[in-house]
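Two complexes come next, and they have one chain in common, chain A, joined by chain B in the first and chain C in the second.
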Partner chain A sequence: MKLPGVQQTKWTGVAIFVGIVLIFPFVITQSFLLSQATFTGIYVIVALGLGLLMGYAGQISLGQAAFYGVGAYATAVLTTSYGLSPWLGLLFSILIPALLAYVMGYTMARLSGYYLAMATLAFGIIIHGVLVEWRGVTLGASGLYGIPQIQLFGMSLSQGLPYYYFVWTFAIVAIVICLNIVHSHVGRALRSIHDSEIAASAMGVNTGKYKTQIFVLSAILAGVAGWLFAHMSYSISPGSFTLDASIMFLTMVVLGGSSSVWGAVFGTVLITVIRIIVHELGETVPFITSDFEHVVYGLILILVIVFTPRGLFPPIAGWFTRIMKQRFRKNIEQTKAS
Partner chain B sequence: MGEFLQFSVTGLTIGSIYAIVALGFVTIYSVTKVINLAQGEFVMLGGMIMFTFLNIGINYWISFLLTLILVMIIGWLVEWTIIRRAKGADPISLIILTIGIAIFIRGVASVVWGKGQVRIPAFSSNQSINIGPASITPQSMWVVFIMLLVVIFLYILIDKTIVGKAFQACSANPPAARLMGISPARMSSFSFTLSAGLGALAGLAVAPILFPAYDMGVMLGIKGFSAAILGGLGSAPGAVAGGLIIGFLESYGAGYISSGLKDAIAFTAILLILLIRPSGILGEKNVGKGGL
Partner chain C sequence: MLQVKNVTKTFGGVVANKEVNFSVGKGEIVGLIGPNGAGKSTMFNMISAIFPPTKGEIIFRDLNIEKKSTNEMAPLGISRTFQNLQIFKRMTVVENVMIGRHIRTKTGMLKAALKLPSAKDEERKAYESALECIHFVGLEKVLDQQAGNLALGDLRLLELARALAVNPELLLLDEIAAGLNQKESKDMSKLIQKIREQGITVFVVEHDMDLVMSICDKVIVLDQGEKIAEGTPQEIQGNQQVITAYLGAEEMEEVKQGGGA
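And then the complex of A and B:
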């Protein structure tokens, strides 16, 4: 029975997406593009959490890179300095960001509005400062070396095809989890918070609890992404987890649109494509440097907010389904006519 | 004791800069309810444009005036071309929009001026003055003086002039202000122009001390925003208090604990203060909740 207002997960979308992910390495075989696609998978996981936080809980995080960094450093420190298995590292890459987010969430229930934006911003800067300065553990600005590869079924996962599939397995699991959350009673509660926190709490929704939960979830996803990032690269340094990274995640979510799970995925893929284009252009056009990437991000943020505040995914998806429906209707009419 | 005095002088100088930047945030916020995270970029532009004018060989004080005017025009343009078109967007979107403006300006600056730091001569001599065991550069005194000047100027402008009355009216109740013949749109562009001017002034004052580069606006903007929040968003005395507190926290943190951790120390302290007073030191209960 389908209740009004109840949205169900559309599994066809997931199936199509899994298909694209599976086929991609066979269509595009350059190793540079494959590694970019692997990074996209990692970023998708972070963007999913941030998208839920922004679009559903109506909160903003300007420090998401901090959770990503804590996840990466947790496993990197434990596997290099203490010789733990990467799989045990995963446990800590989940637990530590989750714990931090829970403590933050406690303050978040009291802080709201712009105060929260400032708090997450400050959090990102604090974590970055700690990563650089806590030299006894993180080895400071130069970073950690010699992070071991993940062992799976007696095989070590090296960069390239195996890691691509490994990362995207996590990304797709994360997508499915997010879709299910969005379409459950939690998702409805969150949407009500997003629309009006006062109305939601008047209807008996424990807004503080849900906001904290989704914040913790977004931190866990970022932590897992950090874990994947650390074991993909041989070394990590605090430079990957700056405010710029947080803003990149924000741009991904805003560009795709935070009102749906697929928006975050779409935005991440689009930003990666833009990064690759800027990179390619930079090799021929002299004034396009890596800074130019930021000019582009800035422009994207401005244009999206001014012209399509809901992001690019909803209008494009709407346009696509409309065309499909028209085709479908035409087919039916043709079969009727014949 | 000498150390303490020296750190206090540094804290007062840097705190005054944060206070001016924070006043820029408050100026825009009180009229438009927009948090302009590009405020730090106005500070950076102040320093960098001044450098270019001086490089061409224009007289110091004429460059000073030209820089101020040019940055105010940029502030007006930002409001007129972008902010105005996004009216009705929710607070999250507005934050993101101004972040976009900030990284756009910063990116353009890095293409125009490159990544290096530039050097700008001080207002007056560089000979530092010894007061007891601490020494103060004249530029530090200029910075504090300019901060005081800005506070007095804003007080007179907002409390004693008809423009200020219109400003307050828009802040308190835009529809009612409109009924009284005040245009909130014009006040909005006025607030951006004014606040860009404040940012440029902060940049001009601090440039001889900090050696500006294309990315100096990031931290100054964040610190100014934090100062405005710490003081209670919308409160001008709060912004000044917040700026000075952050300046002192940072300076003592750098001096007594670790210079690399000074930002982390300052922000941890801010978060702790906000835990005790979630709406800032001088903030009213409901300010800034803006439905986020």
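And then the complex of A and C:
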């Protein structure tokens, strides 16, 4: 169904991306890079939600790692201490972050500006505190051990190739869901709020409701990512869900650009590449430690905001389509000339 | 259809509207005029629930609306255009008008996310109704263009199309002809009359006297926040108080300027 003049999903883009994801493990076979690519899939899911929240609802969350952590701990606690199936764990990894976000979003809905940013910052710190201190449930700073692997069709999903495909299946479903939302009347309503909130509400758009819904969706996506992370790792500890991780997600979205779904994906991939480079340099250059990442993130945030506030994806995508069109035109001219 | 009862609005110490009373009947075209700063836009903003009146009641179809929020107006059947164009610039013409169909789409986030057949169906219907409104105002040639690139005349038409897409019973037009040339303004008059023929009540704030006098059944005159006259265009044109309000102000200006020189 084509509707001229309406932003719609370009499914060829999705197909090309799925192709790249499918082929990747055959081109790059080192297990370190494969596990990094699996992590990228998990981070993409978090970044997608944060991207929608920032680009479409115009809100910033500095606590996305907290939802990610709650998702991971929900399933980890239930599967280790209570012996639940990981698939039942998934239900709780979705429901608990969603509920927390709903309560926060509901109270925040009438506020605008940076209140949500501040509230989520505080929320992130509180959740980290809870994970460390609530030893009876989370076993404190040392973390939880013995998280079971996910069973799928009688097969145990272990790290490596199976888990890579498992994670990316979720990531691609998340991408499609986000594309659908962005290109539905919900996405349109959210875009209209950006240009004129007063006209949007005069047309009957309930701005607060959509902001809350997008916030809940971003928490659900982070929760699912947490679930994937927990069952990939044998153990988890609060250290993975600090403010640093929230800043990393934020950097991914800002770098890629929050005005399109692909921006979040692009930013996540770039940041992962940068992390790998920093890691490699750390092996040889003495002053580069893992903390060096944060210096890089800070630098990236400043440079992007100064030079390309819409992120890298929109200008690069525009440049790419222009080049392709020129090529196309040249080809036609050449065939005409000959 | 619409009743404004003893409405007063103050901003700090400034009185924008003072105990204004009037009513708009079903199927009428009513004009609200007055010199600059008379409180016309303030009145419109209260009727469309952008902000509440300080005192008084606004009743639409037996329902008090003065305490409702802006986004509740469209479902009730009140829709509007904006004098200082509130176009969604980064969206296309047809997408702008589709926002007008927003309240008729019931698809929630979940259905939209999964793109269920019902969501697709609604999207197509919204698109078709938007197209109807675009054809009605005559913007079909630019329907897929970015709204930010349109000329002023087309932007006014786009505001009108978007407001019509709501399927309103009461349409508020805030200086819809401002900045239009004579021909465009005439076309706009014809459009407004066509809209009334569809049974929609039209309430206009307008500076373009030709437009007001040629299409309105009733004219209400505000001056310095107070209603000074109400009647048919002929009555208003002959009303001494109205003439003083419009001309008197200018004469006073001239006297003052003359005295200063």
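The definition used in the following text is that the second predicted complex is superposed on the first by the 330 of 338 C-alpha atoms of A that agree within 3 Å, B and C clash if a C-alpha of one lies under 4 Å from a C-alpha of the other, contacts with A are read in each partner's own complex, and residues count from 1 in each chain.
Note that in this section a residue touches a chain if its C-beta (ideal position, glycine included) is under 8 Å from a C-beta of that chain, and two chains touch if they have at least 3 such contacts.
The structure displayed is predicted, hence computed values, not measured ones.
Trainee: In the superposed arrangement, does A:Leu88 touch chain B (first), chain C (second), both or neither?
Mentor: A:Leu88 sits against neither chain B nor chain C.
Trainee: Does the superposition put A:Tyr297 against chain B (first), chain C (second), both, or neither?
Mentor: first
Trainee: On the A-aligned overlay, A:Gly204 touches which partner chain: chain B = first, chain C = second, or both, or neither?
Mentor: In the superposition, A:Gly204 touches chain C alone.
Trainee: Applying the document's definition of touching, compare chain B and chain C: which contacts more of chain A?
Mentor: After superposition, B is the partner touching more of chain A.
Trainee: Would you sort A:Leu99 into first (chain B), second (chain C), both or neither based on which partner it touches?
Mentor: neither
Trainee: Look at A:Ala119 in the shared chain and tell me whether it touches chain B only, chain C only, both, or neither; answer first, second, both or neither.
Mentor: first
Trainee: In the superposed arrangement, what residues of chain A touch both chain B and chain C?
Mentor: 196
Trainee: Looking at the complex, which residues from chain C come into contact with chain A?
Mentor: By the definition above, chain C touches chain A via 48, 50, 69-75, 79-80, 82, 86-96, 98-103, 105, 107-109, 112-115, 119-120, 122-124, 126-127, 143-145, 162, 166.
Trainee: Within the complex, which stretch of chain B touches chain A?
Mentor: 35, 82, 85-86, 89, 91-97, 99-108, 110-111, 115, 218, 222, 225-226, 229, 233, 258, 260-261, 263-264, 267-268, 270-271, 274-275, 278-280, 288-292
Trainee: Where on chain A is chain B touching in the complex?
Mentor: Against chain B, chain A makes touches at 54, 58-60, 62, 107, 110-119, 121-123, 125-126, 129-130, 132-133, 196-197, 243, 247, 250, 254, 287, 289, 291-302, 305-306, 309.
Trainee: Would you mind writing out the residues of chain A in touch with chain C in their complex?
Mentor: Chain A reaches chain C through residues 1, 3-7, 177, 180-181, 184-189, 191-192, 194-196, 198-207, 213, 217.
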